[in-house]
Structure formats: C-alpha cells, structure tokens
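For reference, the structure I am asking about is given below.
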Amino acid sequence: MNKTEILTLLHGVQSGSVKPEEAILKLKLQPFEDLGYAKVDHHRVIRQGSHEVIFGQNKTSEQIAGIIMGLTHNGATNILITRLSAETAESLNALVPIEYYPIPKLAIAVRDTTKPKVGLVVVASGGTSDISVCEEAALTAETLGSTVTRLYDVGVSGIHRLLTQLDVLMSCRVVVAVAGMEGALASVIGGLVDCPVIAVPTSVGYGTSFGGVAALLSMLNSCASGVSVVNIDNGFGAGYLANMINQMEACQ
Amino acid sequence: MNKTEILTLLHGVQSGSVKPEEAILKLKLQPFEDLGYAKVDHHRVIRQGSHEVIFGQNKTSEQIAGIIMGLTHNGATNILITRLSAETAESLNALVPIEYYPIPKLAIAVRDTTKPKVGLVVVASGGTSDISVCEEAALTAETLGSTVTRLYDVGVSGIHRLLTQLDVLMSCRVVVAVAGMEGALASVIGGLVDCPVIAVPTSVGYGTSFGGVAALLSMLNSCASGVSVVNIDNGFGAGYLANMINQMEACQ
Amino acid sequence: MNKTEILTLLHGVQSGSVKPEEAILKLKLQPFEDLGYAKVDHHRVIRQGSHEVIFGQNKTSEQIAGIIMGLTHNGATNILITRLSAETAESLNALVPIEYYPIPKLAIAVRDTTKPKVGLVVVASGGTSDISVCEEAALTAETLGSTVTRLYDVGVSGIHRLLTQLDVLMSCRVVVAVAGMEGALASVIGGLVDCPVIAVPTSVGYGTSFGGVAALLSMLNSCASGVSVVNIDNGFGAGYLANMINQMEACQ
Amino acid sequence: MNKTEILTLLHGVQSGSVKPEEAILKLKLQPFEDLGYAKVDHHRVIRQGSHEVIFGQNKTSEQIAGIIMGLTHNGATNILITRLSAETAESLNALVPIEYYPIPKLAIAVRDTTKPKVGLVVVASGGTSDISVCEEAALTAETLGSTVTRLYDVGVSGIHRLLTQLDVLMSCRVVVAVAGMEGALASVIGGLVDCPVIAVPTSVGYGTSFGGVAALLSMLNSCASGVSVVNIDNGFGAGYLANMINQMEACQ
Amino acid sequence: MNKTEILTLLHGVQSGSVKPEEAILKLKLQPFEDLGYAKVDHHRVIRQGSHEVIFGQNKTSEQIAGIIMGLTHNGATNILITRLSAETAESLNALVPIEYYPIPKLAIAVRDTTKPKVGLVVVASGGTSDISVCEEAALTAETLGSTVTRLYDVGVSGIHRLLTQLDVLMSCRVVVAVAGMEGALASVIGGLVDCPVIAVPTSVGYGTSFGGVAALLSMLNSCASGVSVVNIDNGFGAGYLANMINQMEACQ
Amino acid sequence: MNKTEILTLLHGVQSGSVKPEEAILKLKLQPFEDLGYAKVDHHRVIRQGSHEVIFGQNKTSEQIAGIIMGLTHNGATNILITRLSAETAESLNALVPIEYYPIPKLAIAVRDTTKPKVGLVVVASGGTSDISVCEEAALTAETLGSTVTRLYDVGVSGIHRLLTQLDVLMSCRVVVAVAGMEGALASVIGGLVDCPVIAVPTSVGYGTSFGGVAALLSMLNSCASGVSVVNIDNGFGAGYLANMINQMEACQ
Amino acid sequence: MNKTEILTLLHGVQSGSVKPEEAILKLKLQPFEDLGYAKVDHHRVIRQGSHEVIFGQNKTSEQIAGIIMGLTHNGATNILITRLSAETAESLNALVPIEYYPIPKLAIAVRDTTKPKVGLVVVASGGTSDISVCEEAALTAETLGSTVTRLYDVGVSGIHRLLTQLDVLMSCRVVVAVAGMEGALASVIGGLVDCPVIAVPTSVGYGTSFGGVAALLSMLNSCASGVSVVNIDNGFGAGYLANMINQMEACQ
Amino acid sequence: MNKTEILTLLHGVQSGSVKPEEAILKLKLQPFEDLGYAKVDHHRVIRQGSHEVIFGQNKTSEQIAGIIMGLTHNGATNILITRLSAETAESLNALVPIEYYPIPKLAIAVRDTTKPKVGLVVVASGGTSDISVCEEAALTAETLGSTVTRLYDVGVSGIHRLLTQLDVLMSCRVVVAVAGMEGALASVIGGLVDCPVIAVPTSVGYGTSFGGVAALLSMLNSCASGVSVVNIDNGFGAGYLANMINQMEACQ
C-alpha cells in the first residue's frame, strides 16, 4: 500500500464508499505500506535489478524454487541464493535453471545479463585460502550490478605484490579487503586508498586465529580511516554493501 | 612528487642535467610519490576541505599548534583535533584559535564556513548516554562537509520513537547508528533504510555489556544487509567514513 | 512423608507404638518430606498435569520406558521427554506409545487431551532457522497446559512483520522471544508489550555469533524492562517457565 | 491517539471537516497511537501505580526534577529514580521532595502510601556483600506495589540457613535470587520452590569471579526449572519483572 | 540441637510433656541440628582451635568486634580476620586487641599460643611480588595449628634455587605453591614432591597474565599428579585447606 | 643412585679405585639420584601399591604392554591405564591380561586384590551424565588403595537427595564432587562437610556451559572453605589426589 | 630489477634509447626490485639453500608439483612442503619425487644432501603427544641447514629428565621448546640456558587447555629472559626462525 | 662452583683432606654449580657486559642500591633497573648514581661507556603512543651492547613511511616491531626483511584493542616467517632477546 493507495482509501472514506471501521482495519494490518515503505522497495528493484536474496542454508530445493517463482512473478531478475550446498543446487537446478558457483556455494537464478555493470569494486585478499569468501563478495556485487576486479595475490607479508596493484586500488570506488590470520591487509589498503574499505575477517587460520577473531580484532583496530568491518566469513554482506556504496548517486 | 615531477626528473636525466646516480637516490627516498600517490592526497584536500586529522590524546598544546601551523601553510582549513582534553584545549586556544566541543572532546581549527554542506548523514542513538560518541561522529562529518541530522531519542525499547522518524531515515544517504547495551538499533535501522548503515558500539552499560562487546557482537551479527561496524566508541571513524560515502560522486 | 504423616509418626511415639530411636531414623532419611515438601509436589501435579520431565539425552529407551511406567503408576499424564533422538524415539515407541516431534526432538507420553489449555503464551522468532528451539518451547508450554501462539516470521530486520502482530503480542500473558545472530528481537518485543518476556538465545549463526553468545549478551543487556534470559538453545526451560507464569493464579 | 481518536479522525475525513492529506500526515507522525498503543500505556498506569522509571545516572538534578514534574502532571505517583548518586540526590531533594536510599542509590518521588501492597516477592541472597543489588530489587518491587520479604542470610555454603526459611520460600509467588561468587543460590532455591525464580548475578567477588561472569554462567546453567536470569547487578530489572509476575491476574 | 537433644525431644513427646505439634515446629526450624550437624561443628572447634573466620572486607570495626565477642563467649580462640584494611584494623584494635599483619591484610584475635603447631606445610613462591598472598596462606595455616616453612625464592626461571630446597619439600605434608605470571611453579613442585600441592594463582603480572588467568590455566593443566587449584589470590583458602590436610588423622 | 651409592662412589674416589674425572661424569648424568630422589619413589611404591600410571591415549597396545612389562619387573601391581579406547583395550588384553572399564575408558593390569582398601573417599555427582568422569575418579582411588562410596543422585536442584546422604558425607575423609552445568554441588557439599573437597568440573552441558567453564568458575568461586579444583573432566587427577589425602598418615 | 638494472635503465633514458614514458612505466610495475629488494632474495638463497616453502594445505598435487618445477628452474633445492596430507603426498610423489614424513605431514623435494648442517638447534618437548609439532620444527630447521638434536622426554613434572640433558642444552645455539597443557617447559629451559628460546604452544590437552591457550599464556608470561613465542602448533615457524638465528653470521 | 672446583673437591676426597660426607653436602647444596652452570654465567658476563637486570617495581631504593652494590663487587657494569618509578629513581640516585630515563621508567647504573656497541638492532613502531615500550626495548639492547636504530614513524596506515626506511631495515640483524591497535607492523616488516623480527604488542588503543590482545593475536598469526612474539608491553624482554640474537657468534 503506497501513498497513492492510502489517499484512495481515505477518499473512499470521505465519499462514503468505505466505512471508517473498515479503513482502520486496513491501516492496522499494513502499518508500513501506509507510510510509504513499499515505494522504497520498489526503488530498490529498479536500481539494483533484484528483489531479494535467498539464504539457502537449511532450505529444501522445493522451498527455494517456490521463492524464486514468487519473485519472478513480481519481475525480479538476478536472484541470489547464498550458502547453497552442491546437493541442493543440483536438485534445485532440475526445478529452476540456475548458475551455480561451488566454491562460494552461491547460485544466481533468472540471470539478466543485459543490464550494464557500473563503477568499480575491488575485492582483495592475501592468498588463495580465503577464495570462497572473496568469491561470495565478488559475485554478489557483480550480480547486483557492479564491475568487480579481483586482486587475490596481495598479502602484506609480500607487500610488493600489493604495491604493484596501486593503479587499480586508486581508481576504484570501494574495496572489499578479505583476510584471515592477522588481518593486516585491511589496514594497509586503508592507508593506500581514498575510498571506503569494507573489511571481511575470515575463519582461515589455526591456533590463535580463533576462527577469525584475530583478523576481526585487527580490522576493528585499524589505524586507517575509512575502514569498517562485517561478520567473520560474511562475503555476501560485504559484497552487498560494496555494491550499495558503489552505486551511490551523486550528492546534491 | 607527482607524475609530472618524475617525468621532469627523467627528462633531466635524459638531457644530462641530472646524473642517473642522483635520480636513483631521489626515487628511492620517495618511492610513493613517484608512483602517483601525492596526486591522491591532493585530490583529498580539494574534495573534503581538510588536509589531516590530529589525534589529540597524549600530545601537548605546543605540539598540536605546531602541526596546525604546518597544515595551514599548505592551505588546510577545517582541521579536526580529536580526543582533546579540556585542559589541553584551553592552552591550545591561547596559541591557535579553536572551536572546542567538550562533550566529544573535539576541536576544529581554521574553520572555513564558506564551504557548503552537502548530502545527508543521520546520526542516530537510543538515548542520551551515548551522546559523546554521537557528537564525535556528527561533528566529524559536518566539519568534513556533510549535512548531519541528529536523532538521539530513538531506542528500540520504544520502537515508536524510531518509527516517527522514518521520513528522515528514508531520505538520508548514510546512517551512523550509535548504541551501547544490546546494540539492536543498528539492525532495526538497517531493516528500515536502503542506504549504508555504519554501526558504532559504545562502552556505555554495565555487567555483561563488557565495555561495548555486547553491542559490538550484536552489530556484527546484524541480520540486516548494508550494515558494517567500527571499533567501540570510534565516533570519529564512523563520521569520517559516513562523510566519505555521503560525498561519493555519481557512478559512471 | 507429609505433615499428616509426621504427625502420625509423632503420635505413634507419644502412644508408645513407635520407639524414639526408630522415629529419629525415619526423620533422618526423609528430612524434606518431614518438612512438607511432598505437598508441594502434589500441588504441582494437580495444577500442571505432569509429574516430571525426562531429559532423554544419553538414556536408553528401556530406561526411559521404566521412568514413564513409574510416573504412570502415580497417575502422571502428559509426560515430556526432551532431547530424544529419532532412533531412541522409535525403539521407545515400541515399548510405550509416544507422540514424537522430530524437529525439537521431543516426545509426549500418556497424552491426556481432556484438560483444557488456558491463558496465552506467544513464542516469537525472527526466522525459520530457530524453529527447533521454538518448537521445544511451544510444545513444552502446550503440554503443560498453556495455549500457545507461534509468531515465526517477525525478525527485527523487517520490523513491519512484527508490527502487524501487535494485537496478539498485546493480548498475551507471556512472550518467549527466540533469536540467534544479534538477538535484538527480545528488546524490540520487550519495548512493545506489557508482560514478562523470556528471551532464548540460540546457537544459530556463524562467525561472531560464537554459538549464541552474541544473542545472549544482547538479551542480557536489553534496555526493555520485563525481559529475562535462559541458557542458549534452552527452549524447554523457556517453555516451562512461560507456562508457570501463564498459569499464575490471581494475586490476593 | 487511541482507537476512538482515529475513528474520530476518519469520521472527520468522511464528513469533509478533515482533508485526506491532513489525515495521512497525522497518521504518519503517530503510527503507533493509531494502532491502539496508548491504551496499553494507560492500562499500565492504572495497574502498577507508576508512569515511568527514571535512570538517574548522568542526569542533573534539574533534569530529573523536570521529568518528575512532567510525570506528576499526568497523575503519576511512586516514581522511581535508580542509580542516583548521593550528591545528586541531595540537590534533587531541594527541588522535589524524595525518599533516598543510599545503599542501592535509589530514590522514590511523589510517594503514595495509600495503595496496598499485594502478593509476595522474596529477595534472597547469600550474604551481606550483595545488599545494594538486593535492595534495588526489593525497593523496586515494593514501590511498584508488591509485598517483599528479604532473606539475606541464606548462602549455600551453610545450607541449613536456607532450609530454615522453607516456609516463606514455599509460600511466595516469585523469588529474586541474588548472588555473586559461584551463584549457586539460584539453583538451590530453584530446586526447592515451585514458582518463578529470577536470578541476579552480582559483580561481588575477586579473581575468577570476573566481575560477575562466574555467577552469571552458573545461573544460566541452572539444572532447576523455572529459573531465568537478568544482567549482572541489575537489581532494578529483577525487581521490576518480579513485581510484574507477582501482579499477574488470574488466567482465564 | 544434637542427636541427644532430638531424642530428649521425642521422649518428651512420648511422655506427653511435649505436644506433637510443638515438636514438629522445632524439628522444622532446625532441620540440621536434628541430623547431628552441630556435633560436626563441635568437632571442628576441638581439632582446629578455631570457631570461625571473619571476612573483614566491607565490615566496620564495630561489626567485627561484635562478632569476635560472640565467638569468644563460645570459647573460641585464634580468630582470623581476613582482607582487613589498615584503617579498620587500627580502629578495631581500639575495641579488641588484635595482631595485625599489614602485607596480607590479616589479623588474629584472642591469640592462644599455648597450642602446639603440628605437621609441616610449605608455602612456596617464585619471587617477592606474591608475598601478600603467600603470607595470607602461611598465617592462616599457622593460626589454625600448622607448622609452616616459607620458601619465597624458588622460581622456575632459576630452577637451581628450587632444587637446593629439595630436603624441606620432600619432608613436608602439604605444599602451597603460589605463583603469578606463568604459574609453572606448581607443576615443577608437583613433579618433585609426593604430597598434595595446592596451587594459588596470583594476579601479579601484566599484559597477558590477564589478572592471574595465565597462572590459573597453567596450574589447572599441570601434568603433575596431586595438584589442585584455588581461586586467584585466594591465599586464605589455600592455607585453610593446607591446614585441613596437614592435620588429617591416620587412616584406619 | 641413592645416598649410599654416592657415598660409595666418593669412597671409591678416596681410595683411588675411581678417578675424579669418572666420578664427575657419573654425578653429572644422574644429578637427582645423587640427591636422594630415588628413595622417594621407593617410598611411593610401598605406600600406594603402584609404580606408575600410564596415559593410554595415542599409545599402541604394544607400547603399553611394554611399559607394563617393565613395571612388573620392578614388582609393580595395580597398574592404571587411563584414556584407553575400547579397541586398544581389546588388543592390549591379548598381550597382557587387563580389567577394562569401558565407561571411564580405564584399565587395570596386574591386579593385586590382597591389599586392603583403607579410609573413605566419597565420589558425588548430581546426575548420570557425569558418570564417566566419576568412575575415572572412583576407580583410580580404589585401585590406589582407598575405599570409595559413590553418591550419584545428589544434584542441588533436588537438595533433599543430597541431605539424605549426610551420614556418609560426614564420615568420609575426602569428597570428590563432580559436576557439569552450574557446578553448584561442590559449594553445597563444601558447606556440609568438614574434610577436603576436590571439585571436578565436567564438560557436560550445552550453550553457556562452554565445555565445562561455567562449572569450573563456579567451583573456583566457591564460598565454602576446603574446596580446591582440578582440570575439566580430570577424574583421574581428582581420584589420585583424593587417595593421596585419604592415605595421609597421622600428623606428628 | 636490481640497482645495476635501474642504473642501466636510467642510462638508457640519458642516452635516448629509452623514452621517459617507458621508464616511468617500468619503475611503476616493479617498485621493489627498483629498490634493491631482489638482491636480498638472492642473498637468502645462497645462505639458506632454499628458495621457498610451500604451504601444502588446500593445494592439489598438480599445483604443488607446478610450484616445485618453477622453483627448480631457478636452481632451488631442499624445497619444504608443509601441512601435506598423506593422500596428496602420495599423488604428488607420482609427479615429483619427495621424501614424506607422515607424522608432521611434511615433505621435502629436490633433496640436496651435499650441503653440510651447521650449528646446533635443540627441539625439546615434555612427552610424546607433541611429537608432530616437534618434528615439523625439527625437520624444517634440518632441511634449511641446521644440525638438530631432539630431546623428547624432558617434561617439567619429572624435572630430573630435563636436568640430565643440561650438557646439550648448554652447548646449543637455539632451543625450540614445544609444550601443550601447562607450557612450563619454556620457562624452565629459559632459566637454564643462555641462548634464544622459541616457545611453541601446542593444542594437546583437554578442558582448560583451551586448544593451546593455556600453554600460550604460560609461555608469554615466562619469567625467563630470552623467550619468545609463535602461534599454537606452529612448528614450521619455530623451526624456520630457529634456523635463521642458528645461522646468524658473526656480529661485526 | 665450576668444573675445576668440583675436581678440586673430588681430589680433596681422593687425598683424604675432605671427608666424603662433607663432599656430599657441598654437592647437594650447589647441585648446579657442580654441573658446570657457573661457567655459563661467567661466559654471559664476558660476552654481554652485564651481570643482572633488576626488576625495579615494588622494590625500595635501599633494596635496589643493595643489589647494585652486590653486583658491583663482582665486577658488574651497565646494570639495568626496569619499571622504576620517578620517585624511587630520585631516592635511588642519592644512594648510587644512575642514569634515569623517565619515559620507559628505566635506569642504568655503573655505566661503562668504553665497551663498543656492535651489530644493529632496529626498533620500529607506528606512532608516538608506543614510545615508552620502544624505549624500554631500545635502551635495554643498547645497554647490553647493541647498536640500535629507532624508526618511530613507520605505521602501516601510511606504508610509504615504512618503505622509505628499507635500507636500514635490510641491513640490520634483528628488528623489534612494537605496535598497539591492529599490530600489523610486525607482519609487514616480517615480509620485507630477512632477519628475526621480535614483535611486541602494546596496550595502546581503546575498545576492541582489549589492552593489547588485538595486537598480540595479529602478531601471533603473522603470515611472515621469522616473527616471534613477547608479552604485551614487554619492551625489556624484546630488547634483551634482540641483543642476544644480535650478538650471536658465527656458526661453526
């Protein structure tokens, strides 16, 4: 129910075609759409080319297929399904055609490749162990409409590898810095670039990495300005936010 | 040393006015300016109206005044000094005129009020206990060039107070959500708005708030998309990042 | 041994039919029944329709069947068996007929459906991942005699879903708020309702959810009054307490 | 704005005396009162004899006096002010007469002693070190209308002291069990009584008490049914919840 | 009320001089003395020469003096007062003569030096920083009747200092091993001796000593058999237990 | 090398039959036997009826059989093998006859049942979940020569079960209190008895039991005197120490 | 690109054979080699006899074989592959001949046994459970060129075993002290020797060992000078650093 | 007692001038010097120019002066006193002339400036907040005989500042990397240099720095080889170890 609809409802009350008691019930059941909330959602669809993201874990292929159908009826395209096991992906694909990426366990349904990718998001990591988190971030941002460059060989223990990539780092709009172990990558990149850095700690490591806590703390304590942090292994969240920032319109 | 200067240096080598041995020394001493780094810094000044932020803690008023002088010579205005005690602020003001805000312990030197504020950053918090962190964020973003709206009475335990502010929340470009205790504010706002939310946990609370850890974990685990987190009590970092995102140019 | 029995014993001593030395032994062996404790247990049976709850984990089906037999001899009905694996449930059912609920791993033996359900307990959660904990709470409260309404789609990241359920929230006597991840649901509900809220953190989540610790801390730090917390994943404990509060008699 | 007022508003639209555009604005600004929320608040006042609790920490005596005045205008009595320092209490008392209790740092304004106390809440603790938390709980429950019995000498390391109080424990409606150190009191009481037990861990102790964490964990892991937990040192929260449960009306 | 007294009570019932209703009340009020508990306490006094230990923290000198008086009336001597500040000690001494030891903040009242010290307890520590905890342990054990030898210069980082004390270590009945920092002393002594070792972690240290947690964990993980651990800085508890073990009678 | 042997060696030097250079080498290679250490070991065998305990985990049946052979050659009997898997136990039994107890995963080799059991150790726990830890403690103490009484149904949430066992608790020489979850059993027993209590936290529980940490902290913070603690699940350590204390000789 | 090459490049610019624009590009792409970095790497190869260490985990045998080939082309020998599973080792061996050590899961390719081992590194541990970490350290140091002595039976709970090895401890250049559980070995050795001690905590243990945290904290808090610590179970890191220190050239 | 002395002792026994019983006593009292330990200490003096380091905290100026006197009698020079408060330093200086450095709270007594400094230790940190820890490390290493270069402006958030110092980093023998907050400096330096890096986490920071834990974890998880870690704020330990490594003699 958007602003137009509520006005129509109220005009109905005014004209006598709707009883006040009925109107109060409708308003009560949809308090938010009354307040213009749906318009925002509509806006999101137009700008980002997606209605919803489906968290695939603990859902059956039938449930997921059902949700995809529902979204498709509303015109959604480029629907993301995250944390989707290879088994569920296979049976889902028999119901609805999907593109499945096994490393980040992510699928895309109702792919619409006609929409152009815009801006530039860099997804950077120090090695190859974090690749599943990196790809979750990168594919999320790409699917939602961002151009993404991957820098997967730029760890701080060999700082020259990072420095040879200064050009791309300095020309991008957002960086997603993915790191396990000591998590220093976010700080070093934060000191080099002039754009927002979204740090993603990963659970890669052993011993005192404590499942990503060492990297998390390192990132939260970054001396560099412009760095913020998401949950351990939350590649999706970082990619979603990176795309959101990347697609910011000009400030009036 | 920017790209022009390094070309000049190399032309000097070419023409014989600079010896190769001298050139190699210069390159070595300024490896980064050789690589175009200074240009970025220059860019920052133009766009954000500030050269540098001074971390005031553990610095004497003389040291801070010296740094301000240096920055002023390079044309800097709107210089921020954070974590500045009232005592140091008083003696600093005798050396360099500053505007001092005692609650967030923040000062601004060489104020240039001619530059217009742009965009819209909302700084939201649930009560009045977090006000020093909120003001550090708000003043930082304002000083760096953002229009800021403060919503300081919108805690989740009285959700209607937040809901009456939906208009401003939905029209802003970035939200800084500041909360101690259970930190739920970031999730609730993240579920309402369609723009980046920077969550700032604060050390306000007692017992199991563990100096802000409860709020931090709550924020890192937010179910809402578009939420990222900075260090406990890091109002400055949130305000800096909020301004950076708020001033994003349009994406090509 | 209740108050009547101890008086009988003492009268026996008075009349000479019981020797003081025998009496002291009996008193020593049953110190609590001497003190009226059994009366309380008796009271519990009458009011709640259950003698005991059986913690099924690490017990064989034979052991559980034996306990059920014993309870039945004392007239117990609606006996709960919690944390019961599907395998044990199957072999138990061959010995004693049970109703088994596989998702919360809970069974009910000697079902007595003639007793009316009273009051209203709401079990609320933000998504579908917490459903096993929710159902453990809901079935426990129902079996012990409470009417239960389930609200399983009311997470704080889409606050409008919760707000459309204000009617049921405001008419119930107790709320069980189940949440993993950031655990904000308890605070938001606590701010909306005027009755006790029992918060159950769940181990659902990843990374910094730390197996439910993030939700636990969030709930313990709730700004809302009337909220208390039970152990992570302790659906049974919450359902038991919710029923106890729901069935409170009027205060004189 | 209650249900009657919104109907009046809509009838105004129907009759033409209110324009639809004005109505939509009013609804938007007060989304909750539209939904019957204020009625609940009204209900709270009637039943509990209090409008609001004032968190005194970090507020000036002038601010607190102002809030008390506001509440009094709406007919509130028995207003609680928690975490109020002796200094602020003294200057507040010059503005508004209060009863001040220095040990729990709690004050009561606009005392109305004509309302009867009802039911029975027991506040139990093991020693004298936890007395400030106990008194915060006890005074809160008393002020809100509950009869309170204090058992302050019943620690588990001398279990006979607790057992001599079985009569009062078994006749009360709610127990608030306050304990620092090992926090075993809640479990032992929970095993003895048949009513809700609200456990309050306190920060009393040293070394591995970790500021109340040992007691908190002990309480969360209680084997006894009917036990729930609030934040460390949160005497107010426990007293508030205890009164809420104690004043439950009979279940239909 | 001991076994004799309960028999007397029951004979009174038998003879008609006590009514059964009165008897039940008496039994109810003193459930434990009925069970022979007081006899145990009596036993303790005879064997250990002490009625009670007074925890001095947060008690006034008047309160402590009152307790001492009460204990003295029952014939107690060698009364320990722990965690007693120098100020309270001074004012207490004006009321009741005490021996005060400022380093462990411990006092002894009603000193009876005629009772012989028996057995041998060694209190060992690695340096001089832990001396207050050591002395609390040593004075406690001495006051309760044990001969105590202090070994305060036997840290593991200079193992030869410990080895030169093998004679005394091997001839004692119990060792109290006090250590902060890495806490290795308990393990090394546990590997050398053939008697119980009570390990006391102390909060001495900085950084990762985490207020005694490092030493605590080290001690709990000791590879040596016969080592058990008490709370951080709990010199009193260790001394009390050491004396209890030291004074064990021969096993039948 | 005992004191006699070193004297023989030195007399050999004195008489010229041993060269000083050879003597220095011998002393260097056996520094401890020179110092009378072996005599202590000899003492241990006589008093406790055992030479050594074998930690079975990660050892092959051949390795364990070899160690048993070696010990047997020196006259050892009642050799304990702890943490021995059922598989290794079976293959070990084919090499050396053992008694194997599957629940605590413990075996005894070269059983000598002629030695009398002495004293009394009580092993107490609240339920049946901790039984493997309990049995490890009980069998260890029994094998080393102590009489052991098991009290496995005495949890604090039903305190009357514990109180009916006061007789045995008050007549024993040492108590091993085993508890998971909230660990309150150690404090309650510590307040009832007058002998050393060795508390063993177990990893039984879920959620905030944190693998035994809740019980550990509860036990370390026990208000009762005479309680000390061993590592989580360390039944062997508790049984070993309990036997050591139980077999203390009379104090001179 | 070394110093000679950059001078050649600049002379090329000087002579006109290289355009300034081309030179700037080359400098940009290899910022570090410009600065003399490659010379260092060259130095490393000569001195340590190894080009690189391959982290085997999560790499296929084909990937590892490819890296080995590449390194071999550059003349590398004694290439270490760490954390290599038995399965991958087997398939790798079919591609490139390797020596595989299953306990530390470590392989060596292109073995060059002609290079002499120098110096002396001692790898010490208390038992046999830590052997995989010990061997990772020992084989790493040996492969990189150090003579290594293993002392695997020198735990602190039987300190005489350590003391009989004083000769080798006092004659070595570096000690790697490996310990789980209480981690006291590092402190005891640190107090005995006069050379750097690298402490390696291991995850061996149970309960409060917390996967190596107890040993880690113990080692970080060592009272002995000259002790530093690496990550839990990081045998490779310790062996690498031990070899680096062992092969230090004389100080000018 | 060195090897010569023990031989003399044994020759005394051989010749009859010393009785075997006397010899055994001497050996027992000095078990280590018998074993050649003193020779090592002697060695240390010669090589490092220092006998001992005095931990100044909690010692009186008289005690410290006494220890200095004792050491001086044995020819010690360059005696370090760490953690010495300004007050104690002043009163100590009245007894024994010292050089006092107020920032690291460190003093040097009996300065011998004739001994040359050797090798090269770099002490690096990211800012000025860590300066007291840095200076403790630097002065320790200098006093013990090492040449030290300080790099105090090389934080990773401005990586170019570090890169301009590559020359000194690559020519030194050991680096002490001091960092609070995110602690990334150790990893970045570890990736640049080819010598041992000793990482010192500092307690500088706020919020999630947790008093140095964030930096500690970051350093322990460093991806760079050759990095080891000491306790938080342990500048002395790092400086001591750095000097020890720096002064390594050539490996045979």
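Going in written order, the chains are labelled A, B, C, D, E, F, G and H, and every chain counts its residues from 1.
The criterion applied here is as follows: a contact is a pair of C-beta atoms (placed from the backbone, for glycine too) under 8 Å apart; a residue touches a chain by one contact, two chains touch by 3 or more.
Bear in mind that the values here come from a model prediction, so they are computed numbers and not experimental data.
Chain centres were defined as the mean of their Cα atoms; on that basis the chain farthest from chain D turns out to be G.
Chain B and chain F have Cα centroids separated by 61 Å.
Between the Cα centres of chain A and chain D there is a gap of 42 Å. Among all residues of chain F, those that touch two or more other chains are 28, 31, 35, 37, 159, 163, 166, 192, 207-209, 213, 216, 220-221, 231-232.
Of all possible chain pairings, those that touch are A-B, A-C, A-D, A-G, A-H, B-C, B-D, B-G, B-H, C-D, C-E, C-F, D-E, D-F, E-F, E-G, E-H, F-G, F-H, G-H. Here chain D touches chain C in the complex through residues 35-37, 40, 43-44, 53, 118-119, 163, 166, 170, 173, 194-196, 198, 216, 220-221, 225-232, 237-238, 240-241, 244-252, going by the rule given at the top. Of all residues in chain C, only 126-127, 155-159, 163, 181-184, 187-188, 190-192, 205, 207-210, 213-215, 217-225 touch chain B in the complex they form.
Every residue of chain E that touches chain H in the complex is listed here, in rising order: 128-129, 159-160, 163-164, 206-209.
Chain contact summary for the complex, chain B toward chain G: residues 3, 6-7, 10-11, 13-14, 16, 20-21, 23-24, 27-28, 31, 34-36. Chain B meets chain H in the complex at residues 28-33, 37, 57-58, 201, 203, 211-213, 216, 231-234.
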